[in-house]
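Take this structure, written in structure tokens, and hold onto it; I'll ask about it next.
Note that the chains are named A, B and C in the order they appear, and that numbering of residues resets to 1 at the start of each chain.
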Amino acid sequence: MSSLLEVKDLRAMYGQTTALHGVSFALEEGGITTLLGANGAGKTTTLRSVCNMVRTEGEISFAGARIEKMATEEIVRLGVAHVPEGRGTFVNLTVEENLKLGSYTRKNRAEVAREMDRVFDYFPRLKERIQQQAGTLSGGEQQMLAISRALMLKPRLMLLDEPSFGLAPLVVQEIFRIMRRINQEEKVSMLLVEQNAALALDLADHAYVLETGRVVMSGLAEEVKNDEGIRRSYLGY
Amino acid sequence: MDFVVQQITSGLAEGAIYASVALALVMIFTATEHLNFAQGEMAMFSTYIAWTLINAGVPYWIAFVITVLVSFVGGVAIQFAVLRPLARAPVLAYVIVFIGLLVIFNSMAGWIWSYVLKEFPSPFKAFSTGSTLIGSHQLGVIAVTLIVLTALYLFFRFTPLGLAMRAAAQNPISAKLVGVRVGWMLALGWGLAAGIGAIAGMMVAPIVFLDPNMMAGILLYGFASALLGGISNPAGAVLGGFIFGVLQNVPTIVERWLGTNVIGNELKLTFALVVVVAVLTFKPSGLFGQVRIKRV
Amino acid sequence: MPRHYFWIGLTIVLAILLPYLPNVFKGERLFSDFHVFQFTLVLIYAIALLGLNILTGYNGQISLGHGAFYAIGAYVAAVLMDKYDVPYYATLPVAAIVCLVVGFLFGLPALRLEGHYLALATFGLALAVPQLLKYHPLEPWTGGVQGIVIIKPDPPFNLQESIGLSQDVWIYYFTLAVLLVLFWAARNMLNSRTGRALVAIRDHHMAADTMGINTSFYKSLAFGVSAMYTGVAGALSAVAVAFVAPDSFNILLSISLLVGVVIGGLATIPGAIFGGLFIVFTPNYANEISKAAPWAVYGVVLILFMYLMPFGIWGAILRGVRALEKHRKAAKMGR
């Protein structure tokens, strides 16, 4: 089975600074892979590179096709949904409008309506707030909205950038539980960037650890979780 | 009492003009989050195109439609040729470019068609309103403005394309992440704004006569009206236009009653502007605007 | 940074020698009195632009109405010289104080406005001032539509007879002296806590507030100081041009000032000089390129400038210098 997402020797630059120095990894269809690392390791940059939001060199393939030179919006139309750092909510639009935008590229209205129902099934709180201005939602609700918007695309691959950021532990647990459901029920593959290593390693089946723009460790999530060095540096015990 | 009614109706009629310009400005702002100062000059230029067509014998409404379409294409072209290359420039650089466009259109119009005042026909003269208070053209302007407003409102609120345009303007990065082709949305926005501007110009010209400087003052008051009503709200902007029109005449009414002449005709517009600024100080999003949310 | 002082010193020396630069072919002065007058205007606009830059470049508050402060400064000077026989140099401090106060007062309601709302309010101010200047009841002071004619001052200490120093050249040196003082003061302010507060407010208002910076005070102060500089420039223009009239201070002036600040270089001090050069000389060149539609050429020039130098002339120069330094460093490392 060839990988859904394959990244080979990826280098990324912000202006004059190089953030990624040749990162390689692969993600299988149906799997959840997590990218771990400290601040500044290059995790967000990696996600941004997949969507061509940063200047890059190297090869990126999605479902067998090379995407590193495609425009962001075209990559999205291939089925890659990116839940960015900071959620990227349309703060002045309503919850409903945010969700409708998620399904902007889809033609089948009936399917879209069903999708909206499924989203409310995962996140009932969003249904309560459907006409509210999205910017007035709490952090947790905005995260739910961001994930829902990504789901409305009916993506094959979801990129999630620090979904736990700034959220209360209970809310985070709820969201991660729902992410597992989404992965299993909707068959959406996930590439998860997280600072909360414990949570991420529980959810994911594969893990890569980044340090200053390079992959320093990779393997099954179980193995990485039990690695002495990782436990000390990232899990705190 | 008659005097008051007359002042109010003439204020409403003038207000309709500001309202239609305000609509074009709201359009461009909704679609691009920029305020295009050249909007007025582009509208004036479009009106000259209409004038040329009408003078060549083209029937009014056909010339009207052609002008709007040509303006639409022109707006899209300007977005592609002039604004696209500016992508990463600071906001004030955009302002300078808009000023540049303003000056170019004004100058070219003067060069091509000269500065001699020209008459521009009104399509509503055929009808009579049966009232001495308000003329047929003025009623026509109000009607056209309301029609365009309704169409715009429906477009932005209820169509996916309208939603995509709003999203592209407010948050281009997130818009790309849902697959919206942001570049096209901006171009479309410019095209629509240019089209609406053309309509506004063709409504204004019969009243003030066509000349390259026709829109200069009107643009400012259209701008004030849009801000007064709320730049994010098309209906608000239109209402703002009408309010502004009547507001100008309030000093005249009051002074007639008091028997003074302090503000008089010279400072009427200054008065109205001061009121607008005062309102904005207390209600920064305008009377009917949506409060903009800023997250840290 | 000794190197940077060298360039400043060199520019000042050049500015001092400017009126007397010889024409190597004809053996007389290269620049006529009229040219010197134009250079004086460049300096005057530079002062005005520095004022606007403090507000818009360093503090992030847009102003489409600085022509109003320029006009107020000019009229204060004109009225004092014409009606009260005040000597020209004494009008400057008065104009400065008047404009400081007016600017600060305008800055107070402006605190609630930003972006296009502020642009509109300042635009309204720019339109209102000429109207007020033409207002009938004020005519005994303002001279109404015809304005006020002023007598150009003579150089002091009889220098006109003794060394043939013309009025225009004297006014040039006077303006240059004022400019140097004002620029030095601005540089000190901008490098101090005040300057940093202004920039902090511009870059992240909310954060500046939470850090304990009194944003309301600093924003109004910025308005006041900015108006003061532009007002002094206006007063100088009354002296140099020897005439003030309401229509010379129309909205075009305010727009030109904003254009000058952006093209010269936002949030830079040298940018003000380049902006001044642009304002004074570009319309003439535009006229030479096309007599029929000079403003169209001007508009094209504006747009081209924004493509090539979105951060202004000084911004482009700084970039060029940085690129050169990088090349030199790379060469030194033997790459």
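The rule is simple: a residue touches a chain if its C-beta (ideal position, glycine included) is under 8 Å from a C-beta of that chain, and two chains touch if they have at least 3 such contacts.
Bear in mind that the values here come from a model prediction, so they are computed numbers and not experimental data.
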item	value
By count of C-beta pairs in contact, the leading pair of chains	B-C
Distance-maximising chain from chain A - centres being C-alpha averages	C
Chain whose Cα centroid lies nearest the overall Cα centroid	B
Chain A and chain B, separation of their C-alpha mean positions in angstrom	43
Distance between chain centroids, defined by C-alpha means - chain B, chain C (Å)	33
Distance from chain C to chain A - Cα centre to Cα centre, in angstrom	51
For the chain B and chain C complex, residues of the former touching the latter	35, 82, 85-86, 88-90, 92-93, 95-97, 99-104, 106-108, 110-111, 220, 223-224, 227, 231, 266-267, 269-270, 273-274, 276-278, 280-282, 284, 294, 296
Parts of chain A lying in touch with chain B, wherever the complex brings them together	51, 53, 71-73, 76-77, 81-82, 84, 88-93, 97, 100-102, 104-105, 133, 135-136, 149, 153
Chain A contact footprint on chain B (complex, rising order)	160, 163-164, 166-167, 170-171, 173-182, 232, 290, 292-293, 295
Touching residues on chain C, where the partner in the complex is chain B	56, 62, 109, 112-113, 116-117, 119-121, 123-124, 127-128, 131-132, 134-135, 206-207, 255, 258-259, 262-263, 266, 292-296, 298-303, 305-307, 310-311
